[in-house]
Each structure stands twice: as structure tokens, then as C-alpha cells.
């Protein structure tokens, strides 16, 4: 029996680099003890990280699948497991299992489309894997727009990477905004939903991918519908309490769908079929 | 069809217990419970046990793995052991069906090896009911108490028990004890068993809940029932305890927790209840804030969500345990009768 | 049986609703059989007429619901209470869980409720029960009618009823009874007389059946903490695991301890236990000790009385002597 | 298996109130009064800070005996702390005995700051009684066993 692969038994992962991105978000680079990537994943999938004795948590893998050396997780400090993770030092071992959840349909619905990524706060983490995947296979996609907003300038996640790599890419347009005026910031000021309406994107051959706090999703969704977007053109990734990650412990269901197995990526028309319990 | 007379039942149990661990229902102060057979243990003739046989395959608490941590290093110890063979005698038709419900949950991809290993090592002696209780409604879910599934099907008449192996596992076990349980040459076995089947189907029709039907429920009824006004009156006096979920043979939800035992950290799995307030609580909030949402989740899962994911099979087997054990006597039968009746009629 | 009948209660409830004195009624609602009666809220005369139920199986103690229900609206709630419920009602008032003016209490007489589990020991698959002065007739599906004596089917809390006195009511149906010297501590004394090994085996056998469903805590009118320690993950006792004997012992000792001196001995915990563990014997042990060590005390007898565990005298018994006096053959 | 199997030594947890018994323990130490090293002292602000869950948790984690030391009734730094302890522990010990757990495993002792000798004597005596009882088998958590 011990030879059969048990989905709940994790592998050991080692944190080799910790980057303090914002006051409450750190990005952890995890590899196996012998330095390799723990497992392959698709863009948008998640992994269960756990600290023995503290608990387990589901986090989206923020590094792109095309990166084969390591996996990265951007984690905001907001609970017991995340608190413990934030107190870690480099070299600390944790346990990791996955990949879980369905990926973004990067090869079918997204292929050949103009991509519009809209993120708020730590919501950029799940989208970063898709963005870097699309930049890696740049020719498969049309124009890429990234609208990303946060509370303040130092709350912008992966700010260096956005400025030095994304913004300079060909046909990739980055629109950053922060909630309130801040000195040393000459970019746009305002909430993401209003900024999206201001920019006004045409719906022709375009897919929108949203991720952020529920309030931002609600208003951005309304804004995009005003611009004429269809629900079938818009995707998001949900975040509910996930315990087993394999659709058995009965905890993360919205209606008959399990977020950890049938999600976390949902198209908005699929979400409309589900009862509003998320 | 093999036969063993009731007076030689202990010999039969002793023979089976010689081959593998045998559990039989025994009367205790808390109603019938499954206990390991020991010489002299008297089998209870209660209709059903308080705790269902689910416990043998999906135990209330189970160690998944252990961790040893020193400094920054972690060592994972896989504590899984090959289970010994065991047999459970006297499982009723409803509990046998509950194993199918649990199988779909636990053995679907990716299979749960803890559950799977126990399932492989378990032999089920199912026992047809002769005297159903007023709380039984297995007929509503298409279960025939006269023809239960299971590895070996048994029929108990006044003087003997007739057994028929239905699966290969069952046949092997019966062969290994065939010296005690002789083949029934006299042929009166067939007639006795059929007579008993007659009695049961007659009695099933007389049950008060015989007319309960599941027609209005099913996998596609989420929108129809989710905002039904009847949920308010149905759930208003629910205490939020876990009794209905812990006596239910088909409830599959579990929690994974770590216990720091001082000499290492044990990660164990234990039953959890959607009725508990902490079930879906997370650092970012709680999607099911009041008892109404939790109450709704339980019955929507049994009657709508589970069928949606398992091609129409309901996650209830009509055993009636929640009818007799709920502290405030609220249960799935009242929910089925009141949902979709235009809320106000909460009679 | 009670000359006060269901219709007396309904008509009085309808009057109070119509007069606007109360805006909702907490009573019981009929179910499939005679015994599966659910506590329910009624707001209008029509649903009262159709569903309101009152009889031998309305044993649920409704005082705990008032803690939540009084928060939901400004109006008064009409609630019907048996004598033992009123003690829990007073205990909750002592602890300021709701204000007295928001509840209109009608005391109903009680000749002892019936226990479906005990009926089922005598008559399987029963559907209806009719009780009159000379006993109880149970009609079953397959075994015809079974005549039983009332004391055979009453729960222990009613057999050892401690008081027929309503200690709180705005209105009383029937006349008030008095406290009764019942043998409610006999069972406790029987256990105390066992040797330690026998006691340990008895309780290990009983508590090992516990399935940690929390029904005893959730139904107990003395257990009304907003956030129970057993629901708090970092308290260390939250453990849902029925892992081994220690978990059950810990849960039941702490549960009983938290209500020590506040438990009115209403017997709800044993009524709802799905495994029929005699939990009232733990609470009664505390009551017996408190009476023995610190003088007779009945929780809920009068509002505002100081519970024994938040009080002291300078000459209390020393813990080491408390146990020696426990039983003779120590 | 180690050749010289050491003799069984009980594990005792002592809750000592900060103002009296902890000072008593200190005094015992200053006067070089010996008491077994198996006693693990936990300092609490007052003896009534000790909640029955602490005592049960101590047994769960492997303690074989739990002793609760506080000021003599009347000299409590918080005037009535030990009175509540007295009532609370009387009920708890009676319940533990009712459940069949050996009554000698739990004890309450009033030790003032000046009674170093009494502290040492009490600890020695308690250790012997618990050692004679042997390992705690009735209030143990199998998962915490080595």
C-alpha cells in the first residue's frame, strides 16, 4: 500500500529566496531539497504549502510554467499559516503538493486573442504566471494590456519586473494606478474599475482576465459589461477555503462545483450558473 | 445458497473469526454498535446500528502522516500500513448502498489510498431487513431491503440464516468456512427466503414514508431550490450541532489537522460537519455566515450537488438515523416535503 | 392527562398576537410522526392553527433560543415553558443573556414528557402514542397496539423530576406545583460506591461511544458562550478527533465544569445524545458535591443568585478532604 | 534496548503561585533543601489562574501527577484568589475521582513564601506517592507517548 501515490502526502520543498515585495506580501522561491522544480504546472494552477504543526494553505503558483528551475509564491500575511511563512528564513523547509485546480485555457480560448489582464493588490500573483506564459509564447497572442492597481506605490507587487521587463516588451501596454495621491508617483491615480472604463478597451477579439478583491471584481465586471464585453470573454480565479485540494473534503464547493477541482479558474458565464455563495 | 442454523451461529462466527477479524452488531447502552466478535458475544437483532459501518472504511479519526522537524529540516514519515482483512456481519441494505456513495467520493480520481486499502480488505455480510422501522425510507432511493448488495447476502429466518456469496471475495470466504456452512440441499432455503422477501415488500408499502419521492430533486435543481423561502422556517431552530452529519452513513466531509504531540507532529484526518460554524471560515471571511446557509448546504449537497457530480445518484440512503437522532427532530424528510411547496406552507 | 390542551394554548397565543402584546410565538411544530416535534416560530394565527403542536413529546427546552431570538426584533416573544424550563430561563436572566421585558412566559403544567427512545425499547416501528390516566397505548406498524405504563417510557429527568414549580411566568395555566424530593442523586451515589477501577471502566465504556457531535453543548441552556472554547482552533482543545479516550474525557469534564454551579439539571444533554451517554450523571455529580460542600443551591431558583463557583466562604472544605468524603470504601 | 533500564521516575507538574509558593520554592533552593528534579514548576500569577483545562492538558502531555500550590487562605495577594481555587479544585478532584482516576495524582497545597522546608517536604512526599502509583494510564493521550 505504501507504494501507491497518496494525493494528501506532500513532498518536501526548500525556500531558497525570499523577496519582500510590499509591506505585507513576500515572494518565496521554492525548490526541492536537491534544487529542482517540485512538479510541472499549468498557468493559473495552485499548490498546497504547509508548515507541519501550523497548517496547510492553497496558494497560486505565481511563476510561469515555462520557468523550469523553481516555483514562486507571492503570499500576503493574513492568517496563521501565512504569518508563519512570513517569519521564515531562507533555507527553511516546508511541504508542498499539487498542482491543483484547472489552468487558464491558454492554448484554446486564449490562443490568438488580445489579452487584457486586470489585477488588484495581491491579485496580480495568480495572473503573473499567465502573463509571463503569454510573453514567453508572444506570437500566439495579440496585444497584451495589463491594468494593475493597488493601495499605494509600495503596495504594487513585482514593481521592478513590471517596469523593467513587461513595459518594455513589444506590444505589451502596462497601465498602473494607485488609490490615492502619493508624492513620488506621477502615474494614474484612481480605482482600477474606473481606470478600466477610462481606458476603454474594444471587445473585438479580446479576452479579459480579472483577479483581485471581490469588491474590485464586482465593479470592474460591471464596467466591462458597459464596454460591451460578453460574459464568455471574461475569466477570473476564485479563492475559497480549500483543505484537501482534490475535491473530496467537501469544503470549497459553490453549488455543485468544487473550487479546488472544477476551479479556481471560472468563466463569468459559468459563475452566473452557480449560486452566489462565494 | 448456504445455510447455518441459528443455534450453530456461534460456531460459524468462530470459524470466520479464525480467518479474519469479524465485527458483528452487539447491543450496548447506546443501541446496537459494531464490535469485534469474541466467543460468547450475542448478535443484536436491532434493525440498525447507531453508528453506521462507514466507520470501518472512513474512520472518525485517522493518522495520515507524521513529521519530524529539527531546525529547518523536515522529515515526512508515511504511516500507512497494509490493513488486515476484516469482515462486517449484519450490514443492512441502506448501509451497503452508502458504501457505493462513499466509493464515488473517495475512489474517484485521484483515489484516496487510505480508504481504498480498507475497502479492499473489507468483506461485507449484508443482512436483509425483516422488520423496517417507521423512520425507514430506503425505497425512496431505489434500495430494495429484500435484496441488499454486498459480498455475501444473508437472510435470517426464525431458525436459520441463509447465505449467498455474490462476489469473488465473498465466495472465497464462504469456501474457506464451507465445512461449517453446508450447502442447503433440502431446498427449503429458497422458499423460506422468498417468503421473507414477500413479507418485507409488503411491510415496505405500509411504511409512513413509503410515498416520499425524489422526483423534484436532482443534479440540475440548484437554481430552483437555492433561494427557496422554505429554508428559513426549516433551519430556524437548527442548533448547528454535528449529530446528523456524524450518524449519517454517506457524509464524507473531513478536516485535516496537525497535532503537535511533543515527540513529532501528527497530521490526521477527522470527520467534519458542514453544520459547524468553522467549516468554511477562512482568513478572508466566511461565505456561509448564518445557520440557514449551512443547513441549506447540507441538504442541497445530498439532493442536488452530489447527484450533479455523480450522474444522478443521491447522497442519501434513507436509513432514518437522522430522523431519530436530531435533537430538534429536523431532517431530510421534512426538507424534501417542504422544499418547492411555496415556502409559506411549512407544515 | 393535562386538562390544559393544545387549543387552550393556541387561543391564548392568538389573543396575545392579535392584541399586539407579542409579535411572535415560540412553540412546537408537528412532523411526520407523533413524536418528531420541532421547536418553531409562529407569527400569525393561521400557521398557529395549522401546525402548532403541544403534547407529550414537546420536551425541548426553548429558553436557549431566546438568547438569539430576542436580538432579532424589538417586539415581545411568547414562549411556553414547563417548570424545569423556567429554571434555565432564570439562570439565563441571571447572566443577562436577554432582558426580561422582551419575553412573555406562559407556564404550562407538566406530568412528565415521554421519551421516544424508551418507547422504541418496548414497541418497534411505532407511529402514534395515546396517553391517558391509566397509561400509554402505543400503536405500531406490525405488532398492533402495546399498552405501557407511563413510568416505563418517561425519561430519567422526568422520573426524577425535581420541581413542578414555575419559577418564572407572566401567566400560568393550571396551578403551580412545588419542589419534589426526588431520588435524582441515587444513580450518582451508585457510581460513587463502585471501586475506582469499576468507575473508570464504567465511564470509559460510556464516554468511548462519544462521536463529538457537540449536540450536548449546543442544546444546553447554560452553554451560551458567543464563541465556545471547543470552536477555537488555537485553544488546543478544539480537536475534533475522537482519537482516544483522553479526548472524550477532556471534552466532557470541561463541558460539565463550565456549567458547574449554573446547570439547572434540565436533562437536555442526555435527551439529545445520539449515543445515549448518561451525561446528566456528570452534571448531577457537580450539583451533589456543591450541595454537600457549600450548602443546598438550585441554579435558576431565583434571578440574581450568586453561583457557588463565583462565591466563597473562608471555611470552605479543603480539596484533599473533598475527595476523602467522596465514598466509603475508598 | 538500553542495558541499564533506568527506574521509573514520575513526571510532576507543579503550578506555583507567584507571590507565595514560587517564593517558597526559591527559599527551598536557597537553603539547599533537596526535592526531586522530576518536578516541573509552572509559575502562575495566582493559584486561581489555573483552569481545569491546564491540569488536564498537563496529564495529556505526560504528567503523572499535578500539584497546585498557592498562598494560605487569607494571605492571597489578590485577597480571594485561593478561595476560588479551593472551591474549583475541590469540585475538579471530586469529579476526577468520580471518573475513576486515582485521587493521589492531584493535590492542592498551601505553601507560604517562608515555608521553604514545607515546599521541599511536600514535593518529596508527592513524588513518592505518585511514583508508587506508577505511570498515569487513566488520563493519558496515546499520541503523546514516546
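Note that the chains are named A, B, C and D in the order they appear, and that numbering of residues resets to 1 at the start of each chain.
Methods note: contacts are C-beta pairs under 8 Å (C-beta built on N, C-alpha and C of every residue); 3 or more make two chains touch, one makes a residue touch a chain.
Computed from a prediction, not measured in an experiment: that's the story for all the values here.
Novice: Any idea whether C-D or B-D has more C-beta pairs in contact?
Specialist: If we tally the C-beta pairs in contact for C-D and B-D, the bigger total goes to C-D.
Novice: Taking every chain's C-alpha mean, which one sits closest to the mean of all protein C-alpha atoms?
Specialist: Centroid comparison flags B as closest.
Novice: Please identify the chain with the largest separation between its CA centroid and the CA centroid of chain C.
Specialist: A
Novice: Could you work out how far the Cα centre of chain C sits from that of chain D, in whole Å?
Specialist: Comparing mean C-alpha positions, chain D is 36 Å from chain C.
Novice: What whole-number Å value describes the gap between the mean CA coordinates of chain B and chain D?
Specialist: A distance of 46 Å separates the two centres.
Novice: Could you tell me the distance, in whole angstrom, between the mean C-alpha positions of chain A and chain B?
Specialist: Centre separation, chain A to chain B: 40 Å.
Novice: Please work out the Cα centroid separation of chain A and chain C, and write it as a whole number of Å.
Specialist: Using C-alpha averages as centres, the distance is 52 Å.
Novice: At least two other chains touched by the same residue of chain D: list those residues.
Specialist: 141, 143
Novice: Find every residue in chain A that makes contact with two or more other chains and list them.
Specialist: none
Novice: Find every residue in chain C that makes contact with two or more other chains and list them.
Specialist: Expected reply: 233, 243.
Novice: Every pair of chains that touch: which are they?
Specialist: Here the touching chain pairs work out to A-B, B-C, B-D, C-D.
Novice: How about chain B: which of its residues touch chain A in the complex?
Specialist: On the chain B side, the touching residues are 64-65, 67, 69, 72-74, 76, 78, 80-83, 105-106, 108, 110, 112-114, 116-117, 219, 222-223, 226-227, 252-258, 260, 265, 267, 269, 272, 274, 279-284, 287-288, 293, 297, 300-301, 304-306, 308-309.
Novice: Within their complex, state which residues of chain C touch chain D.
Specialist: Chain C residues touching chain D: 191-192, 194, 196-204, 229, 236-237, 243-244, 246-247, 249-250, 253-254, 256-257, 260, 282, 285-286, 289-290, 293-294, 308-314, 316-320, 322-323, 326, 330.
Novice: Can you list the chain C residues touching chain B in their complex?
Specialist: Touching chain B from chain C are residues 29-33, 35-41, 47, 50-51, 60, 65, 116-117, 120, 124-127, 141-142, 205-206, 209, 211-215, 217-219, 231, 233, 239-243, 271-278.
Novice: Using the touch definition up top, name the residues of chain B that touch chain D in the complex.
Specialist: Against chain D, chain B makes touches at 259, 261-263, 266.
Novice: Which bits of chain A are touching chain B when the two form their complex?
Specialist: Touching chain B from chain A are residues 1-2, 4-12, 52-56, 78-79, 82, 89, 91-95, 239-241, 243-244, 246-253, 255-256, 273-275, 277-278.
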